[in-house]
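Next come two complexes, and both contain chain A; in the first it sits with chain B, in the second with chain C.
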Partner chain A sequence: MKCVTGFFCWSAFMVMTFINVNAQSVGMVEIKGGAFVPLYGNDSVKVKVDDFFIDVFPITREEYLQFVKDNPYWQRSNAKKIFADGNYLINWYNDLHLNEDTPPQAPITNVSWFAAKRYCEIQGKRLPTMDEWEFVAMANEKLPDARTDSLYNQYILNWYETPKTFNQQIGSTFKNYWGVYDLHGLVWEWTLDFNSVLLSGESRKDVDNDRNLFCGSGSIGATDLMNYAAFMRYAFRGSIKANYSVKNLGFRCAKDK
Partner chain B sequence: MKIKIYTSTLLLTFFVIGCTESSKKSELVNKDPSSIVVKGESVANLTAPPLVPDPVGTREATKLIVNMEILEEEGEMTDGVKYVYWTFGGSVPGSFIRTRVGDEVEFHLKNHPDNKLPHNIDLHAVTGPGGGATSSFVAPGHEKVFNFKVLNEGLYVYHCATAPVGMHIANGMYGLILVEPEGGLPPVDKEYYVMQGDFYTKGEYGEPGTQPFDMNKAVNEDADYVVFNGKVGSLTGDNAITAEVGETVRLYVGNGGPNLVSSFHVIGEIFDNVYIEGGNSINKNVQTTLVPAGGSAIVEFKVDVPGTFILVDHSIFRAFNKGALGMLKVEGPDNKTIYSGTVQEGIYLPEGTSNQEMPTQGNESAETGKANSIEESIELGRQIYIRTCFACHQSEGQGIPNAFPPLAKSDFLNANPNRAIGTVLNGLTGEIEVNGVKYNSIMTKQNLTDEEVANVLNYVYSQWGNNKTEVKPNSVKSIREATDH
Partner chain C sequence: MANHNFNILYILLPIILIYSCSNPNEKQSNTLKNLDQEQVISDLSIYNLPSTWTTQNGDDIELKNLNGNVLVMVMIYTSCQVACPRLVADMRNIDAQLPQKNKNNVKFIMVSIDPETDTPERLKSFSIENKMETDQWLFLRGTEDDTREFAAVLAVNYKQISPMNFSHSNIISVFNKKGELQHQQEGLGMDNKETIETIIQLTN
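Here is the complex of A and B:
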């Protein structure tokens, strides 16, 4: 696995040197970095995020179709099972035709981490880190950090309970403080280090194992709600592996400034 | 002397009986369940409530394959109120699993690809870390398999234990797994599966539309719905469970919670046997048994007389105001010696106190319920009837003898629509005569809008042989103004 990642990094490097010549951040916005306390942190340990660019929208099915046309290695019948499991693009009509019951402008899902990572690298980008993603996603329309806002949290919880949101087009949820759409409301998104915080799935055991992760679990009110919304995201990340392809999981790309 | 000899013989007899009994018992106790050898392999038959799979009977311990699919899907909490349930096997509570001591279960947990969340399962019948939760954590579109040997007999709860645990349970992720002893439980005539749960919705009880889960209410343990088998009315009317006079009924009762402890009671019955907390200890002649959240009880009773027996959580406002009400309909010949036919479930008022009032539910309902036609009014009225009137006046307007008067073919109702409007608006206390029978009961004042009162009366007047009077919201308004003080 290490060697594979190494190969990707190397090839990504080659691609990037080539693309950087006319590096434009088309479809991206700049995020001013800062320090914040993620779910798994505590007040004394803030996480610092540098300035970076991130895609305004998740990658669409249409865009991904173009990617597999240009990169036959990632077509469904060619993709190696260790990089993309049996659910990879499973609903497509065939290697090069989208199924018609979901709009082409809906986010691409049923893609593995390996595939998503490669897609971004070929664009001269990369997947956002989990901290970067969480940093951008804690904003609502008005505030860069809306995590204590009960409406913001209720919105996320409601989304978790709404079936079949993967069928909706990109841009159909709110535009946040940074000008980024659809972080909550359509699909989950891969991050570069999605499994760096491990939930075992036995959530009660995790309380003992890693109390930092559950720092707010004893308190009530907004903090609790905030944790609940985030818990589920971390729990989801904890349940997946890099070759999994999931119907409610897509991605977007990021880039260093 | 004679007496002495007699006594010693008796003692000896006792001794002999006691001896055989205890050796028999120790033989059973000594049989280590973990050493029971399994024979063959079969796929478990799972059932949705209120049904349970066939008893294990005398079958040997086997390798039992359980296929459980997790589905997140929209259902109906009560008429007009939608809710997104998370389910084991497509029902709330989840599919009933029936095993016997010594079985080796191969558990397949499948998370449907359309689902948004990872899930797992903690079965209280499992001896092992997390009750299986750690080994069964499964992403959408995937399947996990784990094995366990069933060691302890009893009735056990299973539930999802993925963060946030409370929310997964509150959305319906719980069910029961029964572990029968070798040779099975004693046979009975009827067996049913009843499981209580509390639900927390953004809107108050009965507020129409799709209602999302409300985390704050759940944290505050302020339930909007407390129901049997996942929704209001899952065990009433046509869905009632049934038995014949003379039969013995066994209910497998569970409580998924997430918060509330149930005071499980069947109005008009006494439990002959209660397997306390679903274990081996049997209590006799029990009126109400506590079923803890995440716990169970098995209750058995013989039904001696016909009639409708009402299952309630005897924390009684939950039954009549939040939905925790079910029915067991028993058919067969009367036995007047045992039972004269009276069920009374009323509100006690010391003399001189005034009519009771239902709490106001805000003005949201004022916006809904405007009907454009008499047909629409009747349909809207039906929903209000099921929410508000059904518990006392019953599904066919038949009422409950000696407690709540009938609305079907009711001379009292048909004679005077204005009086009917006034009754819904202001309640009614004291003796009245309906179809030749005297009732002395209390109807609470209902907080409904003018439209809602008209709708529900239009429904009642259109049903069960009534005279199809049409009530207009304006008439309700003028009677409200005339009687308001």
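Here is the complex of A and C:
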């Protein structure tokens, strides 16, 4: 009897070890944290980012298909409107079949924040915070912080002007300093705290100088107006709601170290 | 033999439990019993949120426990110096202008965006200071994650500026008896007329 107990303890241990190793490292790289000044935050206040893991690639359509197969709650016809609006997976042929005009290896888009968040949670991960995402995304091929490189900024802005990049396969843009692909060039990505963006007058309301919309001292001034690209990202985050499913907005997952 | 089975169960049970706890939504949609319940809760209802909240009296509730009430909700934090007192005043003002006969099924709910500071005790004393002690007033505190998610549902944006200070959008939201968002008033010191009219309509 002791032997049986031992055996099962051993197998349980092995299974747990496997799950643990699996969840942490497959498809993820470690990001060594640090302090940086985000382009849009409190003026000149450094933000500290701890060490964490992040997915090398955005989640693909194929991977998301598997997720909805395993989790019927998130299939297009089952998803609650409060969590995913009418554009959720709108291009799919049906609940369990992708449309064929986009490769299965392209990033999943038309997913809401709730869906993206749940996807990561089920993998034992989470969405990256905005600070984490921006921290990794300021790297180019060679430098961890390439924000002052005009070519780098031009690359990003050129992408913002290129239509339909969401139809390309993952890995088709550059591999950055950390070994992470496609942060710029394919799709925009959800972050865990996208709803912490408070641009003055709140961008989505198109109201100037309305202090009454906010409590406290939080209206935001740019620490570096040069970086128009980052402004675009923050403005976009400030303009979307959590159940929106947008055709150029996907996600990837992160994990604490 | 029976002993062996017991051992297996003993080892597997925690694993099964962990697994089933991590998938509350997905599991729900698989069981017929819960499907019936879900049909009662509409697609756009906040009662779809599975989160649990603690009230100023230390009770744990889920939002769906409020089913059948018209909810007037706002997100605040008790250490707020600037806008929150005005939001609280707006809430009191709305309450004061409601005809008595419409008040029975209305709950005024303040959800804290600073769960770390706003313990149930603190929320309780805040409710006393602000003379919001009847059953009609509910102060809720959740986990940081559930709070962020709830704010996402209300489209309330917020950010911690310093340990004691947050920036947040000032929105008062009204939900009908099924938990569906009906009206939002954004900004401070606004005319509360539309909000009040909505509540009266929903409670008539």
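Everything below uses one rule, namely that the second predicted complex is superposed on the first by the 202 of 257 C-alpha atoms of A that agree within 3 Å, B and C clash if a C-alpha of one lies under 4 Å from a C-alpha of the other, contacts with A are read in each partner's own complex, and residues count from 1 in each chain.
In this section, a residue touches a chain if its C-beta (ideal position, glycine included) is under 8 Å from a C-beta of that chain, and two chains touch if they have at least 3 such contacts.
Please read these numbers as outputs of a predicted model, since none were measured by experiment.
**Q** Who does A:238 touch here: chain B (first), chain C (second), both, or neither?
**A** both
**Q** Examine A:195 and indicate which partner it touches, taking first as chain B and second as chain C; both and neither are also allowed.
**A** A:195: touches chain C, not chain B.
**Q** Taking the superposition as given, does A:247 touch the first partner, chain B, the second, chain C, both, or neither?
**A** It touches chain B, and chain C stays clear.
**Q** I'd like to know which partner A:46 touches here: chain B for first, chain C for second, both or neither.
**A** So A:46 meets neither chain B nor chain C here.
**Q** Identify the partner contact of A:142: answer first if only chain B is touched, second if only chain C is, both if each is, neither if none is.
**A** neither
**Q** Output the chain A positions appearing in both contact lists, the one against chain B and the one against chain C.
**A** 202, 205, 238
**Q** Spell out the residues on chain B that touch chain A in their complex, using ranges where they run on.
**A** 72-74, 84, 113-118, 120, 129-130, 133-134, 136-142, 161-165, 167, 171, 212-213, 215-216, 219
**Q** What residues of chain C sit close enough to touch chain A in their complex?
**A** So the residues of chain C touching chain A come out as 3-4, 7-8, 11-12, 15, 22-23, 25-26, 28-30, 43-46, 48, 76, 80-84, 87, 148-149, 151-153, 155-159, 161, 165-170, 186-190.
**Q** Across the complex, what residues on chain A touch chain B?
**A** 87, 90, 150, 153-154, 157-158, 160-165, 188, 199-206, 220-221, 224-225, 227-228, 231-232, 234-236, 238-240, 244-248
**Q** For chain A, which residues are in contact with chain C within the complex?
**A** Chain A reaches chain C through residues 1, 4-5, 8-9, 12, 42, 70-74, 78, 80-83, 113-114, 117-118, 121-122, 192-193, 195-198, 202, 205, 210, 212-219, 238, 241-243.
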